[in-house]
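Below, chain A partners chain B and then partners chain C, in two separate complexes.
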Partner chain A sequence: MSETIHSQIRTFVVDNFLFGDHSAPLADDQSLIENDVMDSTGVLELVSFIEERFGIAMADADIVPANLDSVARIVSFIERKREPVN
Partner chain B sequence: MRVETFLRQSAAADPDRIAITAGDTCLSYGALDSASDRLAAALIAHGAKRGDRIAVLMENVPEAAVSIFAVLKAGAIFCPVNPQLRADGIAFILRDARPVAILTQAKFLRACEEAAAGLDTPPLLIATRALAALPQGVLAFDTAMSEAEHKLLPDPGDDEDLAMVLYTSGSTGRPKGVMMTHRAMDAVSASIALYLRNSADDVVLCALPLAFTYGLYQLLVCVRTGARLVLERNFAFPQAVLDKARAEGVTGLPLVPTIAAMLLSMKDLGPQALPALRYLTNAAAPLPPAHVDGLQNLFPQAQLYCMYGLTECARAAYLEPEELERRQGSVGKAIPGTEAVVVDPQGREAAPGIVGELVVRGPHLMLGYWENPEATEAVLRPDPQTGLPQLHTGDLFRTDADGFLYFVGRKDDMLKVRGEKVAPREVEAALCTCPGVVEAVVWGEPDPVQGTLLRAAVVACDPALAERDLLRHCARILPDYMVPRTIGFREELPKTASGKIARRLLVETDAPPLAPAIGPAAKTGD
Partner chain C sequence: MCGIAGYLGHLPAGEAQALLQRMCAAIAHRGPDGQGIHVEAEVGFGHRRLAIIDLSEDGAQPMANDDGTVRVTYNGEIFNHVELRSMLEARGRRFRTSSDTEVLLRLYEEFGTECVSHINGDFAFAIWDGARRRLFLARDRMGVRPLFHTMHEGRFYFASEAKALFAVPGIAPEIDPLALDQIFTLWAPIAPRTAFKGIFELPPAHLMIVEEGRTELRPYWALSFPDAGDGDNRPKAELSEELRALLEDATRIRLRADVEVGSLLSGGLDSSVITALAAQLAPGRLRSFGVTFDDPEFDESAWQQTMAQALGVTHHAVACRAGDIASMFPAVIRHCERSVLRTAPAPLYRLARSVREQSVKVVLSGEGADEIFAGYDIFREARIRRFCGRQPESRTRPHLFRRIYPYLPSLQQQSPEYLAAFFGVGVDSPEDPLFSHRPRFRTTAGGKMFFSPELRSTLAGYDAAGELASLLPDDFRRWHPLHQAQYLETRFLLPGYIMSSQGDRMAMAHGVEGRFPFLDHRMVEFASRLPPEAKLNGLREKHILREAAAGLLPPTIANRPKQPYRAPDSASFREANYAVDLLSPVAISATGLFNPATTAKLLEKSRRSGLSGFRDNAAFVGILSTQLLSKDLPKPAPSGA
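On to the complex of A and B.
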């Protein structure tokens, strides 16, 4: 897992969804939706953030729980998207 | 007809027909009927009596439907509680409605226990979806159902009994419990089913919370007509919801403007996204005209119903889809079997084009607010013609020459955020409980996705206090949609001559935002 992507995503989630509360327990594999960390409008904010910060154009089919519903899933999605296509 | 009779009749007509699908779970009418019988028996065995209140604090899970019908079969009154509420919000309802039990999910137990702390007789907690052993004293949903002997359910009561007490935000900042009889819920669900032409062939996808009227009536109308309800927890992942909707052959899709905006912001959605879709509905807040056009382009074969409702009567008006082109922005006329008229301050029917308050008459009105006669008298007043109660909605409307209704605005300061009612005073009160805050003001700013963005400003006596501290404080005690987007700091707040904080003055003078939102703001609507 890329450390820089990981820390950027974690910072985004903590800043935006937990209002900077770094003491809140948030495991990397924890579901953001199920644990009420992120809601519908939170997903929209997250998508904008990924598009702007990482220069990734997200298709509708990318915006699914498998890609976005935990810190670890978001990081691995960004890593996959940034790999050069062979 | 009592509300649980909807289920009895649909289960008797076709017990194998699917009532609810949610994720991988599928519940037939027969299964929903027998599960709610068993839970009703368990509630009675644990002391629930006719007229007792029982809270149902759940997300959109099938157990919520089982719980609602079980409470009614036990002769008790269900009290839907928004699962987004924090302990403080739950505590208010526990103190006000004094439920004898709370049916909930294990993940909300901590909030329930915190909310019940200090009560003389704390409600019995019955929890489902536990990932680990339940705490001492908490009854497991499945255990309760499996132990119960359900052959001898007593007569639950009659149509005039209360079926539900549903809390809604009040402009004073104090939530009010809307009391609904079985008769009123029967009347309004029959009316809705009639104008939407619902039948057992319908498959309705509900991503709206069951804890609010608009979502709840998706369940009730489906059960009444023998239709299938596809429950989704939320609309966070639109593509996943639409894939599910397509797979289930969804014919009805209820929306609020925020969900419509999310649908329309999807990039790859083609016109055949939902081939079986027969109708869309919108309520909670008006759809912007561009979204009306967008939805019609996206779902050309479906009819779009623009509707208007409020918790106090569930639904008041709807526009026949054929009128959509000619009556842009209208919510139509009163739903079948009821009346909705615009009146002037003297209570006389206003002429077309004249703005007045909408009053609603009919069998679907609430009985009043739970143990709050002053608030009841303020909104349920006798119709001068008939002497029967009529509901003063607090919403300003005008009509066109043909009597079609157009929403103009609110008489008070109530706002709609993502379709949810928000009282600025409730948010201000929450801000003022933060140490270091002297006074606070909250107002709304139009937003293409959320409808309204909440802004706040405070006067603080603690110079170390930062915006983030205040946001965190709010998030701890308020549901997400009530947490302001930004909170600015001021030396003082503008006041009226009488010393009240002038919210309107702030809205008008505060064109540039007070402070940038933390992190990049969502700009999905443009």
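On to the complex of A and C.
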């Protein structure tokens, strides 16, 4: 897992959705929806952040919980998207 | 309609008069037309009057029976007072006034505490029965009128609003952490708990007897539903006809007054039905009132105009402009006496002020139809969640969520997978009694992340939703799921949230009485017996009401999908400097209820990019209103004053 991407995603999620609250540590594999971290508008904020910060164009089909519902999944998704296509 | 206050216990006469003066002064807005105080050996009653029926001094309160042994202080209206008077006269009772207060007195003389079961009305009252040395309090079935009470230094105190109790020396207002948790989960405290420690409210449909130092609380009526599959299965046309007759009668008796009665008209189905019926019963004389917004996302003025023109009523559109909500909000919270999660009470506060400025004291309202005829989105949402839960892998079923929230752009853009995830909470537990409300409770409770470490520690292990579930009646599990959801809305949210923060309190802040035909208990009982599909037909809400109202309304209104009443939340406070002050780390630390650092980030985000989700907006308004409540809490009067 890329440390740079990981730390940027973690910082965004904690700052933007948890408002810096560290009282209940967020595990990397914790569901953002099931743990009330992110709602429907949060998804759109997250998509906007990923596109702007990492230069990734996200298709509708990309915007699914399988790609975005935990810090680990988001990082993994960004890494896959940034890999050169052979 | 009025404000009441009083106590039971020994107080020196001079002290009692002064105390009742202060208690009445605290709720003077509820009754600007007069004041009455009565003190005897061990009891004192105060009354602020809003004169509506029998405007003469004959209707003044506190009112006693002929020999002075029974005395009442009463807030509300008995809509069937004409019929009750006839019935009591036939039984030999003689009347000396034309007021409905005397009807209550005579009714008590005739039936004792059973008198409440005869009343069709909205009321909160106290009766002192001197012969039995008994104080008797009661509150209407649906919780339209408020009634608070507390014990202090061996004396029992009661009042229409908590602020009157804080006029008693030694009663110090203090925010109740459990109530705050309940509000930040369920939107409302669970009665008898209120926002304040040690201050209780009489639950709806309950009576209380205080006698020889003992206090007895008991229900005299209960909202109930038939077992699933049972209920009123008469032909649809017959049910629709009966509903129409009930609507007409409930509206007719709510037009009884010796002053002008107006009607609130939002442009939606419910208020349009009531306004149409009132216009038929008072042809050419009805004035209607509706609030409008600059922001087209919230504005319904075009619908109001359509309806007003169709009915030929004189409509007053009251503009709630940018900045109005923020400027009114401190006063709104003073009147609500609790934290709120939305700004929706503020435009209604503005509306009531305009109604009063037009010299109208009484307005009809369509409130209550969404509860009893299943109009709220949450009922449709629960139905779709059950539908999705039966085929969790389906990619097509979650698309239905978009249909019920056309006004939420962020949901319209979501994939079926995300829609299923957002609404998926609890779908694997269809037997959960709180199934319908789990997503709402969970999203709302997300705002508790802003609670301070100290508050979290105090609340450790407390489960507000669990407490709510523990209070459900024994037969609840046998009811149809729609009826279970309706019970939660009608029994808890209606009195605890809608009526207390948007109904009585906003109107009475300006001495305006709201009357609610849909909350006539005959209508509530009729609606509860209806088969679920008569109310929620597929995803068509308030189905039978639309059928019954056919011909009353233009088709565009009759077939209009439900548009929830909303107002801008955190965005309302962008220019409000007081919000910055109250949410500052210094102010937040001083109150001690919230986390200064996370609250600062919430404020910063609201100023930078705006808050878009429900959780964050609800948390913002919830924290701000709690801070306002804390700041405005009256300082306790010194003991012995």
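The rule is simple: the second predicted complex is superposed on the first by the 86 of 86 C-alpha atoms of A that agree within 3 Å, B and C clash if a C-alpha of one lies under 4 Å from a C-alpha of the other, contacts with A are read in each partner's own complex, and residues count from 1 in each chain.
Keep in mind that, in the parts below, a contact is a pair of C-beta atoms (placed from the backbone, for glycine too) under 8 Å apart; a residue touches a chain by one contact, two chains touch by 3 or more.
As the structure is a computational prediction, the values presented were derived from the model and not from experiment.
By the document's definition of touching, both partners, chain B and chain C, reach A:E45. With both structures placed on the common chain, the touch criterion links A:A27 to neither chain B nor chain C. Of the two partner chains placed by superposition, chain B and chain C are both touched by A:I63.
Of the two partner chains, chain B is the only one touched by A:F12; chain C is not. Looking at chain A, you'll find residues 15-16, 18-21, 33-34, 36, 39-45, 60-61, 63-65 touch chain B in one structure and chain C in the other. Interface residues of chain A, counted against chain B in their complex, comprise 12, 15-16, 18-21, 33-36, 38-45, 47-49, 52, 59-61, 63-65, 68. Put simply, chain C touches chain A in their complex at residues 408, 410-411, 413-415, 417-418, 421-422, 425, 442-443, 445-446, 449-450, 453, 456, 595, 597-599, 601-602, 605, 612-615. Listed in rising order, the residues of chain A touching chain C in the complex are 15-16, 18-21, 23-24, 33-34, 36, 39-45, 60-61, 63-66, 69.
Residues 84, 107, 233-240, 258-259, 262, 265-269, 418, 449-450, 468, 471-472, 475, 480, 518-524 of chain B are the ones that touch chain A when the two sit in their complex.
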